[in-house]
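Chain IDs A, B and C follow the sequence of writing; residue 1 opens each chain.
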Amino acid sequence: MNEQFDVIVVGGGPSGNAAAYTLAKGGLRVLQLERGEYPGSKNVQGAILYADALARIIPDFRDDAPLERHLIEQRVWILDDTSYVGSSYRSADFNKPPFNRYTIIRAQFDKWFSRKVQEAGALVICETTVTDLVRDGDRVVGVQTDRAGGSIYANAVILADGVNSQLAQRAGFRPEIAPREVALAVKEIHFLPEETIQSRFNVTGDEGVVIEMAGKITQGMVGTGFLYTNKESIAIGVGCLLSDFSRQKTTPYALLDHMKRHPAIAPLLAGGEMKEYTAHLIPEGGYHAIPQVFGEGWLMVGDAGMFVNGVHREGSNLAMTTGYLAAETLLELRAERKVFSARNLARYRAKLDGSFVMRDLRKYKNLPRIVEKNPQFFTAYPELMNKAAHTLISVDGIDKKAKERAVRKHFVSARSRLGLLGDIFKLWRAFE
Amino acid sequence: MHILVCIKQVPDSAQIRVHPVTNTIMRQGVPAIVNPYDLVALEEALRLKDRLGARVTVLSMGPPQAEAALRKALSFGADEAILLTDRAFAGADTLATSYALASAIRKIREDMPVDLIFAGKQTIDGDTAQVGPGIATRLNMQLLTYVSHIDNVDLERGEITVQRRAEGGVQVLCTRLPALLTVLEGINEMRFATMPDMFRAARHPLAIWDREAAGVTDLTKVGLKGSPTVVSRVFAPTPRMHRAEIIQTQSDQPDDLVATLLAKMFTKFPDLRAAVRPRCA
Amino acid sequence: MNQPTTSPKPAGRRKFELDPRFQSYKGVWVFMEQNHGEIHPVSFELLGEGRKLADQLGVELAGIVVAGCDADADRFCAEAFFHGADLCYSLTHAALTHYRNQPYTQVLTDLVNRHQPEILLLGATTMGRDLAGSVATTLQTGLTADCTGLAIDLDNRSLAATRPTFGGSLLCTIVTLNYRPQMATVRPRVMSSPVRDTSRSGRILAEHPVLAETDIITKLLEFLPDDRRNETHLPFADIIVAGGRGLKRPDNFRLVWDLADALGAEVGATRPVVQAGWVTADRQIGQSGKTVRPKLYIAAGISGAVQHRVGMEGADVIIAINPDPDAPIFDFATYGIVANAMQILPALTAAFRQHTAAMKKAV
């Protein structure tokens, strides 16, 4: 006997869950397949949840979702070997509910989301890997799994299987990702007692802090580091372009280890116990890297479709939104009694284009190329900025005017005057 | 034949961490798994089912999340699953656990007599190996623990013959059904469920029993109230001694290090000199 | 559900009034496990521990001998006296020749009900665990498994039994307040054996329980003794050389065997090594393996995880070889060499060979 569904969702991450939930709520017969032991089982990753995208799908998620801390302060640090210059933004406004950003632990969050999906009526089967798509000519009609006992059929298949999307590659929907379009991120979770976190980061209750980091911690590679506070743990990580890692022959682990020893970072982690080490890819290609995301009987959502905003480190919200829009497309077509053909599914792309997902990605479309071509953002500048700060702040009998002159000289000698102007212009163009 | 398998959902203790300073258990993200020894028991039951035909019922007492453990058992081929869950059962030690499970098993028997009960050798959280014997005793069943092989099940005569691991050897024991078996690890390897099994497991309705359904009337016998043992203190192991004396030499060459070590050791622990007796080739 | 909670009520601290039904329960009992005419060493270890408990309580220590008719029960009793018992209950019957749950449970519960001990200790062996579970359930009392420490809380004369919990990362102390007897099992080699004192003697209370073989449902068809030649003597070895995952490759494990040969030692291993199939499972040391108490324990390529540590920290001297100076094993080893085991092991082998050659010459 062959199983037949309206839609099969491959993957139980934020994008797959958003899609499966929306579809099941809309009354479709949904099967979701996840290869992990349970959704989220592959990682303990601490991450940031942007409430907006989720609220659109599950408005009352705050009632029972496992949220760690709501963020009230964002720090940005530019580090050299021994120091950092930075800014921070902390606001009492962030303490007014409903909160906008939370730290979460993916293993718990994904599990919660999956329970919602099941309650909505989707059939969720874990520990099952989709090995291939079943096709009838051009049309995707189902999936094949690693378990004996036949194929499973559906009118549409949503590929929500994450950045590697073996399925999309095998099916020829997407080329293999170029090493410069993907960052390799490593992350660790360090346990610390709640009180320690509160006192170290100057927060109370469930307030949390994020530190975004750039500079010499990436040893000249294009990338950033981050630190998030969870309830009883700290997530710390660093990610750089895969192409840079292979060029520099640095291992991500060594990079993170080095970063943890930075005099500004080490005290924040002191006394903690490392719980989990994970490595994961993040699509960084931006707008230009997005492949064709729909076809005959199939749709691509989340990381599989390269929907990540590397500049703002947004991924899960894009994943949820794309999953939601894909589901909405299918529900609309079903209501209009239309088939899930490529021509009809083009509505998904239109929805994407009209949403913040594509608007944001378009906005930064040139950034990946600019930073790739201008490594000075990650090498020379951090050092210069730290030196500048040091020079200006040290009280050593030298007058301030002279100090400013010295700083200017440092900058100019490190990057010619033209280069400096050019850099500023490039950055402005990228962010504008 | 009706075979019952008792399974427990446990935290994956390999992933439990104790905070070095506060000594608190850090449960964040620690996944729950089916007690590995119970899977060995389940597989043994399923093999009997394959060979002789049987209905296999899995029974678990635990919080509602333990459903996942039962579904897993269903996917491997169990026919029915019963989750025993009630606030009154919380905080049970082994005596109270075996009381609740035995009550439920009496109810299950009303529906269809039970010929064999399987339990795991022990759990990886409680780690007591007491619940199996407890159930057998309460149900007045024959108990065969540490079974390393099931030689024969003779349904006509209502007998089972097994090999049981004992000190210094293996006992070959024959007993009358119904009996309760706990099996040793490593005697089988769990099967890989098929896709249709996965569908069946995902859709199969679970029986969720509270204390009434389980026939528990005496609330002083279950949960915290029914537990004679009380945890009075939880603490971290204290270091046996102070830190090791690290052997260092000028050269740090292996031969020098070893020579220094032996000299120090034989001085401080002269008894060891004579303890060394090489095996003759 | 039977795991201890993180923030337990300090029940052990509370003073309380023992149920009048149990006021008459007095004395510490140790079940003397015997197999084929041999007493299991864990019974002596328990007598040593039981002696201390009995002295604190000011009561007698009794050994419980259960055996077949033709067994030399008096010799078993004598051994119990040599190891600290004041008296022995000696229960003999043909049906008790081999261990079977039903008759053993029956005679032991019956004996407890008649003579009412306050504490009953058994070894955490395949026999002890099987029997203890059934006896405790029949008696409706508390049983604490696999204890690593036993003490008396003098406030209320109760047994405070300490055991590992949460996969060995923590210890917990468990009390059985208002039930008697208080039962516990203890793993072999966790306690040290008392010195055998042949001048000691005691009273034997012999009983011949009423049992009918026809009432006993389980029959022993055969006993297949283990091949003794392949048996490891880890628990009683004086010297153990153990290897861990740090040895990297199965062929490097040969260095451990070489050193063991030079020392006349047994070979042990950590769980990952066993799981990788480098050595057989009976050589695993630790929480889910064997507990050992050698005079000398050499740990090569072992990190010293708590699950391993609980099985070997009873060693008199521990030498650890590990290139990671922060490896936890250095927190409790006696000597540490911060270096590559592949270089140190051969050097040790050579050095010990030289040492024994020198010793021989000296004789």
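The rule we apply is simple: contacts are C-beta pairs under 8 Å (C-beta built on N, C-alpha and C of every residue); 3 or more make two chains touch, one makes a residue touch a chain.
Please read all numbers here as calculations on a predicted model, not as lab measurements.
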{"item": "Required minimum of steps from subunit A to subunit C, each step between chains that touch", "value": "2"}
{"item": "Innermost chain, where centres are averages of C-alpha coordinates", "value": "B"}
{"item": "Chain pair, A-B or B-C, that carries the greater number of C-beta contacts", "value": "B-C"}
{"item": "Distance from subunit C to subunit A - Cα centre to Cα centre, in angstrom", "value": "52"}
{"item": "Whole-Å separation of chain centres (CA-atom averages), subunit A against subunit B", "value": "40"}
{"item": "Cα-centroid distance, subunit B relative to subunit C, in whole angstrom", "value": "19"}
{"item": "Multi-partner residues of subunit B (each touching 2 or more other chains)", "value": "17, 24"}
{"item": "Subunit B-touching residues of subunit C, taken from the complex the two chains share", "value": "1-6, 8-13, 33, 35-36, 38, 40, 98-102, 105, 125-127, 129-130, 132-134, 136-138, 140-146, 160, 164-167, 169-179, 217-226, 238-239, 260-264, 281, 295-296, 306, 309-310, 313, 316-320, 325, 329-339, 343-344, 346-348, 350-353, 355-356, 359"}
{"item": "Subunit A-facing residues of subunit B, complex", "value": "17, 19-22, 24, 26, 28-29, 31, 33, 68, 192-199, 202-203"}
{"item": "List of subunit B residues in touch with subunit C within their complex", "value": "13-14, 16-18, 23-25, 61-62, 89-98, 124-134, 136-138, 142-146, 161, 163-176, 186, 227-237, 239-241, 243-247, 252, 254-255, 257-259, 261-262, 264-266, 269, 271-279, 281"}
{"item": "Touch list for subunit A against partner subunit B, complex", "value": "1, 3, 37-38, 41, 44, 105, 107-108, 123-125, 128, 145, 147-150, 152, 189, 191, 193, 230-233, 271, 273, 275-276"}
